[in-house]
Amino acid sequence: MSIASSSTAAEHPPADTVRSPYADAGTNADADITAGPGTDRRARGLRTLDAVTANAGTTVVAGLRDLAPDLADFIVDFAYGDVIARPGLDLRTRQLATVATLAALGHAQPQLAVHIQGALNVGATRAEIIEVLLQTAVYAGFPAAINAINTARRAFAEADGAG
Amino acid sequence: MSIASSSTAAEHPPADTVRSPYADAGTNADADITAGPGTDRRARGLRTLDAVTANAGTTVVAGLRDLAPDLADFIVDFAYGDVIARPGLDLRTRQLATVATLAALGHAQPQLAVHIQGALNVGATRAEIIEVLLQTAVYAGFPAAINAINTARRAFAEADGAG
Amino acid sequence: MSIASSSTAAEHPPADTVRSPYADAGTNADADITAGPGTDRRARGLRTLDAVTANAGTTVVAGLRDLAPDLADFIVDFAYGDVIARPGLDLRTRQLATVATLAALGHAQPQLAVHIQGALNVGATRAEIIEVLLQTAVYAGFPAAINAINTARRAFAEADGAG
Amino acid sequence: MSIASSSTAAEHPPADTVRSPYADAGTNADADITAGPGTDRRARGLRTLDAVTANAGTTVVAGLRDLAPDLADFIVDFAYGDVIARPGLDLRTRQLATVATLAALGHAQPQLAVHIQGALNVGATRAEIIEVLLQTAVYAGFPAAINAINTARRAFAEADGAG
Amino acid sequence: MSIASSSTAAEHPPADTVRSPYADAGTNADADITAGPGTDRRARGLRTLDAVTANAGTTVVAGLRDLAPDLADFIVDFAYGDVIARPGLDLRTRQLATVATLAALGHAQPQLAVHIQGALNVGATRAEIIEVLLQTAVYAGFPAAINAINTARRAFAEADGAG
Amino acid sequence: MSIASSSTAAEHPPADTVRSPYADAGTNADADITAGPGTDRRARGLRTLDAVTANAGTTVVAGLRDLAPDLADFIVDFAYGDVIARPGLDLRTRQLATVATLAALGHAQPQLAVHIQGALNVGATRAEIIEVLLQTAVYAGFPAAINAINTARRAFAEADGAG
């Protein structure tokens, strides 16, 4: 089921056809996700979700629509529209901080994979992501760091495959 | 006492006498912690600990010497000397990622306070730290974010007091 | 700074003067928080926050306005306006589930105290709250259950004092 | 080793043939697990385990008998016989609270699946379970809620298959 | 007062009057908690609780009797009577493993203090306890280890005071 | 990059050919990992890693060398060379404490499997490991204990297969 069918405004087309205006750029680091005609939470959220996670995020959101469509909307409207889209911190630093948080939680490997890809999408390098994960060993222990590195390996391989 | 002398034979002098050469600078953002004559782990660790946490960190380390002197050394040599001093990521981004990790863990408020101060010491703004903590609500829940904001309030007040 | 000054609509007066339309009822269990003239997120959120946590919640929210006013708004608009106000589950069951979640997290004692009071506000009995906390020993361990019981003791004492 | 051989009362036949006396009822919500001839912990525990988890729970318990038979007995005698069977809270509310706890822990997906099935067995609806999981996003973060929803999808599918 | 009498009708007298039969021994390492006339769970549990935690544990249990008397009994009967009293592992190793677990959880400092004292009561040395806590830095991170060391400092000081 | 190429002493050949000097002994309990000609951290770390985890650990370390070679070195030099090799506590007790910590964390099943094997390698019995995991139910909850027992089943089966 596409995101579009669960909403109305022309401002957010079906998820599978959503294209990032930054698609041609090497990265989305300069994406001005707060600009553009759409100013409501839904539009800003979809724009941010796309800029940060590209297909990975829209797939996760679409996958929740069968059982928890409102959770899917909360991710778009609240998580990405209200929080991640805030101008106070650049997307690259936000994603590196998110990667640090998810690696420390330990039980969020699927989300860690999405945000490692997200960090790459907004301009972080693989070396910087590894630095953040390596640092996790100091604060959350070596097991959390080792499992995060293994999740990064899969995320990097997927990024290569999608290249 | 100079950083250099803090890395010589007699090795680390009493922690409480270590002084930061950056004390007069607005921030330590430009501190080249990998430079200088001292190249061993201990000297690099003390230099990094001082650059990041100033008095807060040295106090924590000194406080451990009665029961766990080796843990105190591991913090200096491994955490700061081997990991935090690594050149792959700037100290400001490292501290913001650390703040994100500690806020998510929930049980590390004392360390969160030290690293919020550390983030300020290496160039992060209070607004950026708040952005990172606010984002924690999305990934680790509102209670973790609320408790972290309250810890930040105490850390900021202490920073004002020390001003 | 009061909640009122951070908003405009007459529909949410200063927090400290907000009165629950259920104040006279023994409990808020029957509170129809989705009814009433106010239909936007902010109004529904404030109405729900008041119905569930009474003064405790508004105090927490007001306390965040100095450093993180937007987090305060997210608690009102998203947590209470979008989620807790949902009609799919009665407030009493929601609060007992929240108490179970916070007791298990372990690091959220301040929030646990607020929601134990909240559970009482919406019709749960002290005996039912104790049953939920006791059950925590099975799933999250005895330390989590013991610490939660001690937090409940303080919350109950405060409720008695406010009586 | 089957559960039967580890006990005596005819009231609990071999795990693989155990049938719920409530199997014909739409739900076990009205099951008076404290009634009946068996009054000891073992009998009450097996009766409660069966009422709540049906085959899922007895399978988990039987699966532990090779390495940790006493842990299997503790689950029956203590968890179900002493705690879950307590009269102070109805089984439906207990299971919804358990689902909230396990979703928040994050690392207990196998148990979450068992208790989502258990919640359905004692009268909770799928919509109510989703509400509890959705609420988890507020207190334990979106990753915990998303992973719990995906576990619920598998549990619901299994319930359909067993229908 | 003898252990036997502490398991009879009048039930456990005020915690502050409970005396350990091992009080005069340097340690309780050799305490045969499975021997003695009392063979039921309650007697074995009280004997083990007393052998391991002496006054600290009985105080915790007594403190729960106002709100959750059954949780207090579960600690005695299940935690100490069924689990900790098991003959498969000596009390000293059990307590060191418990200290490792509680230090890693992070949110269980009150219980960590009780079991650090408990480890000393059953023959572990302060140096061995510090080794276990130091090791926690590797698996659960430095913050967990630092906070645990600080809890140990308080527990050791209390032990000195009680000397 | 192989472990060998990252070090020098003949005392640690390529990981895939590493043999434990204790391989012929029933256990490594008596391994004097602090003795021998090699006195630096790397040599002591490799000797300890081999004594504790045999092939399992060297495989984990080797597996990290593609993305995080320095994390691999930190495991050898810091975790095993600085911490686990410390003389203050015997390897058997250290491993049982590590098993207790990893079982409680819940999100570290791969590491739990490695250290359950490690506990066996240094002299702990399967019965003692089960006792430690069983005890986890008291402090971290039954789900953590059940998942740990299932991880132990796989670790024991692998040990049998390698026999």
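We call the chains A, B, C, D, E and F, going by the order they appear; numbering starts again at 1 in every chain.
One rule holds for everything that comes next: contacts are C-beta pairs under 8 Å (C-beta built on N, C-alpha and C of every residue); 3 or more make two chains touch, one makes a residue touch a chain.
Everything numeric in this text was worked out from a predicted model, so none of it was measured.
Engineer: Trace the shortest sequence of touching chains from chain B to chain E and report its length in steps.
Structural biologist: Steps on the shortest route: 1.
Engineer: Any chains in contact with both chain B and chain C?
Structural biologist: The shared contacts of chain B and chain C, listed by label, come to A, D, E, F.
Engineer: Between chain A and chain D, which partner chains are common?
Structural biologist: Intersection of chain A and chain D contact lists gives B, C, E, F.
Engineer: Which pair, D-E or D-F, has more C-beta contacts?
Structural biologist: D-F
Engineer: Could you classify the chain B-chain F contact as same or different, where same means more than half of all interface residue numbers appear on both copies?
Structural biologist: same
Engineer: As a quick test, compute the distance in whole Å between the mean CA positions of chain A and chain F.
Structural biologist: 35
Engineer: Rounded to the nearest whole Å, what is the centre-to-centre distance of chain A and chain B, using the mean of the C-alpha atoms as each centre?
Structural biologist: Computed from C-alpha means, the inter-chain centre distance equals 28 Å.
Engineer: Please work out the Cα centroid separation of chain A and chain E, and write it as a whole number of Å.
Structural biologist: 46
Engineer: Would you pick out the residues of chain D that each touch at least 2 other chains?
Structural biologist: 70, 74, 78-79, 83, 86, 102, 105-108, 111, 130, 134, 137-144, in rising order.
Engineer: If each chain is a dot and touching chains are joined, what shape do you get: line, ring, star, complete or other?
Structural biologist: Complete.
Engineer: Using the touch rule from the top, collect the residues of chain A that touch chain C in their complex.
Structural biologist: By the definition above, chain A touches chain C via 70, 74, 78, 82-83, 86.
Engineer: Provide the residue numbers of chain B that touch chain C in the complex, in ascending order.
Structural biologist: 105-107, 130, 133-134, 137, 141-147, 149-150, 152-153, 156
Engineer: Any idea which chain B residues touch chain E in the complex?
Structural biologist: 60, 63-64, 66-68, 70-71, 74-75, 79, 102, 105-108, 110-111
Engineer: Applying the document's contact rule, which stretches of chain C touch chain F when the two form their complex?
Structural biologist: 137-144
Engineer: Given the complex with chain B, which residues does chain A contribute to the contact?
Structural biologist: 78-79, 83-84, 86, 88-89, 93-94, 96-105, 108, 111, 127-128, 130-132, 134-140
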